[in-house]
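Next up: some structures, all given as structure tokens.
Common to both upcoming complexes is chain A, partnered first by chain B, then by chain C.
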Partner chain A sequence: MTTTRMELVCPAGTPATLRAAVQAGADAVYCGFRDETNARNFPGLNFSRDELAEGVRFAHDHGSKVLVAINTFARVDDVDIWKKAADMAAESGADAIIAADFAVLDHVARNHKQIRLHLSVQAAAATPEAIGFYAARFGIRRVVLPRVLSLQEIAALNRAIDVETEAFVFGGLCVMIEGRCYLSSYATGKSPNLNGVCSPPEMVSYDEEPSGTAARLSGFTIDRYGRGQPVGYPTLCKGRFKAGGKTSHLFEDPVSLNAGGMISGLKAAGVTALKIEGRQRGKGYVSEVVRAFRKAVDAVEKGGEAVDIDRLLAGQSEGARQTSGAYEKKWR
Partner chain B sequence: MSEIALTLGPVFFHWSPDRLLDFYRRIADEAPLDRVHVGEVVCGKRMPFSDPVWPAVIERLERGGKQVVLSTLAAPATVRERRSVGDLCGDERMVEINDVSGLPSRSGKSFVAGPFVNVYNEASAKFLIQLGAQTICPPVELSFAAIGAMSVKCPEAEFEIFAFGRLPLALSGRCYHARIHGLHKDSCQFTCEKDPDGLSVDTLDDQQFLAVNGVQTLSNQVQAFCPAPDALAAKGVRRLRLSPQTCDMVEVARIYRRLADAKEEPEDARFALSCLDLPGTLVDGYVHAKPGWQVTAPV
Partner chain C sequence: MLPGFVRHLFPTVAGLPAGPLLTLSLRSLARRRPGLFERLGEYRSACFGIDPVDLAFAFRVVPDGLRSSVRVVSKDGAAGSDVLIRGPLLTLLSLLDGTLDGDAMFFSRIISISGRTEAVLALRNTIEDAELRPSDLLGLHGILARCVDTGVLGALGAARRLADNSPSEARKA
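Showing the complex of A and B:
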């Protein structure tokens, strides 16, 4: 069991959100450049080179760290764009680069030995052998764990590896192993690995029909809502489908992850850092969620329980429905 | 024109031992394939069923003149699963790595990098080649142009394109067959055995869309990339992968052999495939850098 204080890692989609997260008590923020080199490539989000340098100064002045995600897979013939992003992150004084592509990891390991390397969840490394390989080859210091592992599995993994682990505690819930899911590109042509997007908004349509609203992605009906029912975003794996004579949320209900009640379990499992998801979220959301988790983590670090986190976060989850996901073995 | 080799990928589905034995007997004797992958890739819980048949299958295939490749699990998790990956990686035969977990025990010996390993660019391909990758079958979402560009820059390895079969789109920690039947993964009762091509997943408007196979999600549609051999040769792509379905795979192999030997036009090959008893309609969007479900003109 680890005795180090757990680190709270928070999303920063914009410079304003970075400041909000830092002021709300983030130990570290993670962000990306305004291009396809990171897995949240949305218009209006992310950082320029100067904004990152400024963000790093602000965070360091307040005792927080900055982790830069360069975690999509580099495009054939354009690998230099990804290498250059890594160079800019290193030059900005950021504390770590989060990467998944062998090419990006190799580039950073060879050229920027002073910066920490974290293995992105997009690399889907979930065994001691895989994590050991990345550690031996690239010197990764931390691995971000896929959202499909149980607490028991995380504890066993931590006993077998000597790099830090970071686990998601709040926000979106990927039910597929990240970095190895092509559902989005199958339907829309755009994917997390290649384009940094999943179920992209430009492919979404909400069609009013006599019985209500159909939410479609690229023409595929992902869900349908009755009149007056709140309409959800048609994320592929949270839709309703027909299979085996049943209509159901086959892959996952439209819920989001809240493992706030599992912070002490994650600590006992040896997890070093807790990650809040949501770089596309606004300042208000980030402030509130980070503040709530700051209190909860501090309570656990003092030997108490993460009391009341659900109440503190009421209203911040997708469809107000939450799950602790795969951390509980029965999820599977 | 250089020879285009044909590979039979691993069976993704939970086929009974008898079905596997029958299937590979016919493949060994009748299918014009150069290389055949064997092994459980999707779910370690199925291994106690299939493991006993592999020695006989491998012997038969090798006697039939096929190169056998041992495919490893795509998402090993338990101690037993991890040990099986390590054991397979120690084998003298060619091994397909489907997860980075296999790399430490295989580095230095030759291997195939399977479609579950993320190789998206020439620098990553070179990294794996330096570790021993001889054949690289990139993720299915990559286009022919992208794979060709990698291939041209990495002539020291063979590049293989996923040409036929339901497309492997995702893996999860959760078993969807169990979930549909109200069970948990740990007590799944192996219900995936009822769906030897995977279970179709349709939208609320009955659009055919996906298929599930235990922890795996596939396309409902069947990839049918039917390139002219000179188009492949021009990009340095030397292998086509055919992924087993319950349809007549010997006939699928014959169609692709005629196509690769320039004895059949791409449109005719495609038509011949469409006449088989397939679990879905034919698509080829991915290879043309379009959404995977789309159908486009042949290369």
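Showing the complex of A and C:
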């Protein structure tokens, strides 16, 4: 078991959410710029240069860190906005840049040696060899682990590498291999990993029809809801489709990761930081989830168990259903 | 949901003065906090139809900074907006002051939206970040602002509790 205190890394889509996360007990907050350089490029979300600088001041005044996600993949003829975003993050006094693209990692490693580099989950690095390469070549200090590893695999990985690991503990799950979603790209022409947007809202529509509400993405009907039935955001991977005469969530159920009960296991596996997902979510979500995980992590750090967290967070999960994901993988 | 008699107490004509007042209020807010409207990006020129289902009238809002406008319109008049947001008045007000989460209200069908989803998302994120209080909309400062915020938010809370306990809600439950 590691002796250092685990870090709680929390999402911030806006300056107000950053403040809420810090006040709820986040050790670190991650956020991004208001453009396609980060993987949550949605209207009204994210930070300007000045907002980031102000957010960093606020976080540091309260003893928290700010990690800036510049984690989409740069384009052949247009790398400059990614480099500029890295420059702005470094100038703002942020504590780390989270990146996946070689061009961005190389730019930061060469030009901003004072700032920590974290390898984004978008890089999908899950072997000692891959992580070792990033560490040797770009000096990454931490890797955000893809959500495909079991606890045993994470423990084995941590024994074989010299960099910190950060593991997701709460939030949406993705059926695609991290960093390579082709479903949304196929349907909308916009890539989560290149343009920073999964199921872009300009292609989302909710149409009232005699049989209820049809949720569509780029004209494709992803789901139908009866009158008064709770609706969801139409991502293709979590849509309901008819196949073989049966209607079901063909690719993935709308279920959320909640590894709140596995915090001590993650600590024992050598994980340095626990990550909460949800930069698109509001202050209410961030405050509640961060507060619950703060309690749970503190309890584990004192040698206890985080027993209450499932009950505390049941209402915040997508589809109100939760899973421990691959951490307890039994199918392989 | 407000009691049914409210709709009869406030017919469309009674709401008309609210349009110019809210327009002035939004423009004043834009002078004091221009960054708030920048977050809306291109959607600041979109027309948002806000339809409180328990009132006899609706609003057409263009949150375009110093050119912002709010018009009181009939229910049909809101239908041609780029976005139409419908829900109980107290819920809509609670989204403004951040008491309730817009996503949760939408996913549970308490509010409904139609039209340009991306504009709604931009508006929701902007409101979320703005942390608006009643005094911000009225342009008040200091002790007066604190008194108004306490009074208005307290009254809203009381109205919400009253509505939650109303016989119609009890029947639904």
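Assume the second predicted complex is superposed on the first by the 320 of 332 C-alpha atoms of A that agree within 3 Å, B and C clash if a C-alpha of one lies under 4 Å from a C-alpha of the other, contacts with A are read in each partner's own complex, and residues count from 1 in each chain.
Heads up, the rule we're going with is that a residue touches a chain if its C-beta (ideal position, glycine included) is under 8 Å from a C-beta of that chain, and two chains touch if they have at least 3 such contacts.
Computed from a predicted structure; not experimentally measured.
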Superposed partners chain B and chain C on chain A - clash or fit: fit
Which of chain B and chain C A:69 touches, first, second, both or neither: neither
Touching partner for A:194 - first (chain B), second (chain C), both, neither: first
Partner chain(s) touched by A:146 [first = chain B, second = chain C, both, neither]: first
First, second, both or neither for A:274, with chain B first and chain C second: neither
Partner chain in contact with A:8 - chain B first, chain C second, else both or neither: neither
Dominant toucher of chain A (residue count), chain B or chain C: B
Arrangement angle, chain B at one end, chain C at the other, chain A at the vertex (C-alpha, nearest 10°): 120
After fitting on chain A: smallest Cα gap, chain B-chain C, Å: 18
Overlap of the chain B and chain C footprints on chain A, listed as residue numbers: none
Chain C - residues contacting chain A, complex: 35, 38-41, 43, 98, 100-104, 106-109, 112-114, 116-126, 128-131
Contact footprint of chain B on chain A as seen in their complex: 73-79, 100-103, 106-107, 122-130, 132-134, 136, 146, 148-149, 153, 175-177, 179-183, 185-189, 191, 193-194, 214, 218-224, 237, 239-244, 246-248, 250-252, 326, 329-332
Chain A - residues contacting chain C, complex: 13-17, 42-45, 48, 51, 200-202, 204-208, 228-233, 281-285
Contacting residues of chain B [partner chain A, same complex]: 74-77, 82, 85-86, 99-105, 116, 118-124, 127-128, 139-141, 146, 149-150, 167, 169-176, 178-181, 184-186, 199-207, 209-210, 212, 217, 219, 285-286, 289-293
